[in-house]
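You will see two complexes here that share subunit A, one where it goes with subunit B and one where it goes with subunit C.
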Partner chain A sequence: MLATAQRQITEALSIVARDGAVRAGRGLSGLMGQEIVIHVPNVRLGTKSDACDAVGGEEQVVLGAYLSMAGDISGHVMLLFPERRAFECVDLMCGQPIGTTVEADELALSAIGELANIVGSAFVNALGDYAHLVLHPTPPVLLNDMAIALVESVYAEVMAQAGDVLMIDTIFEDHSGETAGLLIVAPDPECISLLARQAA
Partner chain B sequence: MSTLVTDQRRVSVGIGQIAVSTDPTEVLVAYGLGSCVGVTFYDPGTRSGGMVHVLLPDSEGRVSDGKEPARYADWGVAALLAELTRRGASRASLVIKVAGGAAVLGPANAEKFKIGARNAEAIKEQLKRLGLRVTAEDLGGTKGRTMELHMAAGRTYVRTAASSPTEL
Partner chain C sequence: MATILVVDDAAFMRMRTSKILTEAGYDVVQAENGMDAVEKYRAKRPDAVLMDITMPEMDGLTALREIKAIDPTARVAMVTALGQQQIVLEAVKSGAKDFLVKPCEGDRVLAAVSKLCA
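For the complex of A and B:
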């Protein structure tokens, strides 16, 4: 019974994630002046450790940004990249050869913040449309820390320690190449039950 | 000072977990404490020590099911003290170090939830309630920390993603 409900929620969120990816791709393409396509090949529920493993391990230093959802329901959205992947993303966004960016300088952090803003907001808006809710993403907070420190802090705040987090593998692609990140979404329990009703 | 000694065995103390040791080759480690707080106890007399990795400040009367015996500050501190004294450690001699309680998701979020600050406060309150005094602490800020208790000498080290280990 529980497994069925979880599958239904994951399927519903897969629809939301795909819609969010299309919207985010459109927004990024407009910003960059070139076509950026975003794929979301995997949407899955996982533990704190799974989320950290997806970006290279608990102590892996990651770059990314955090947004919270406000409005009819609340929740947390985090886009994380292992540092090397983040630098690749900055290069894609700046239209320069992969390997040009080698440190988390002001330009890199600014680009990642903007990227997270577009991707996170697109996901939140897609979720709001799917569930017929008014949702507002907050401005992104830049993150540059150990993966587990960021993931566990989200868990602590949603009181969802016993549950799983939604992980969306996110591939960013332009004409010259691709790179990957991880979008973590932790809606509050009210949202989960609402999505379960929508998905049923 | 380097903490990388090849014959040491690293024991990961995950979120909500407790670990105790008398093995001088072991290093107890809480990786990436964000808003969580790590607490180490070490008794030089018996060379026994332990660590808890606390997630939240208050159990509010919940009873532990044993899966995360240190999920809350009130569970974790009491459980660590009980386990060490049961093994013969002297509570009067305990060297107690506390680290973590950061606001890694930004100041606005920290202001809203205050989990890190509340965790730190709750740990200190629990220690005080049990008549225990903090020897050293590294709390607050905006960066995650990894905390290690080296059983060989009972020393505790803290490092961040950007800094090398420093003895606490």
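For the complex of A and C:
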């Protein structure tokens, strides 16, 4: 029953992820004054280990941000980048050559927070529209730690029932190149059946 | 050229907005929270203010009220995230002249500042 619901949610969220990517691309393009295209080539359920592997391994230092989802359903959204990829994103957002940003200073963390705010909010809004749910993203909380520490915090919320979370590979592309991150979406376990009914 | 006070707790947003304004020829003063904004307004008397709403130390709405108490003619536009309509209404009642919704495009920032300074 739960596995069926998870499959329905994964299929629904694949559609939502593409819509969210379009919305986020539009928001980022407006913010940065140049066209930013976001691709979501892979949407899948994954374990804690899968999520860590997607950002370079458990001990990889990652940068990102966490948003919680409130409203008709609750849940968690996390956007993570391996540190080097995060710095590339900051350079793209600041309109400076790739390689300029070399540390997670205030400007870098702030840029990643804004990026996560736009991407996470776009996804949450796309999900709400698709499933006819009223959903609100909270402001982003910045993250900078080893991958396993951050991923475990989300998995701790869903391990009791589901075990896996939804992982969306996310590629950001502008005229000068592309960089990639990982978007993790985890509706709280008690919300899965409700979301499956809405998505059916 | 007019001086604009840019108030935002996010360093990236301050940098980006300041870049848009300086490239258009404005002088820019930055503040990173409401309290900082009130102090900078008192010291610099800028021609206009772009004020974020959600900030630590002192939020944008409180800072707007304090700035209007210092200078009732202060020209302030609030910068808001989606879903903060109620706060925007309160800001308008407190004397805000305009509001911008994040993420704001460069043209929109310049149009708001031009209107404030007119």
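Observations on the model:
As a working rule, the second predicted complex is superposed on the first by the 181 of 200 C-alpha atoms of A that agree within 3 Å, B and C clash if a C-alpha of one lies under 4 Å from a C-alpha of the other, contacts with A are read in each partner's own complex, and residues count from 1 in each chain.
As a convention for this text, a contact is a pair of C-beta atoms (placed from the backbone, for glycine too) under 8 Å apart; a residue touches a chain by one contact, two chains touch by 3 or more.
These numbers were taken from a predicted model, which means no experiment stands behind them.
In this superposed model built on subunit A, subunit B and subunit C occupy separate space and fit side by side. Shared-chain residue A:42: touches no atom of subunit B or subunit C. In the superposed model, A:58 makes contact with subunit B only, not with subunit C.
Measuring from the middle, so to speak, at the Cα centre of subunit A, the directions to subunit B and subunit C differ by 110 degrees in steps of 10. When both complexes are overlaid on chain A, the residue A:27 reaches subunit C alone and has no touch with subunit B.
Judged by the touch definition given at the top, the superposed model places A:121 against subunit C, while subunit B stays out of reach. When the two structures are aligned on their common chain, the gap between the nearest CA atoms of subunit B and subunit C comes to 13 Å. For the contact definition in use here, the subunit B contact set and the subunit C contact set of subunit A share no residue. Those residues of subunit B that touch subunit A in the shared complex are 15-16, 31-36, 55-56, 68, 71, 102, 104-106, 108-109, 113, 115-116, 119, 143-146, 160-161.
In the complex of the two chains, the subunit A residues touching subunit B come out as 48, 58-59, 61, 66, 68, 76, 138, 141, 143-150, 152-157, 159, 161.
Interface of subunit A with subunit C (complex): residues 27-28, 30-31, 33, 93-94, 106-107, 109-111, 113-114, 117-118, 121, 136, 139.
Here subunit C touches subunit A in the complex through residues 10-13, 15-16, 54, 81-83, 103-106, going by the rule given at the top.
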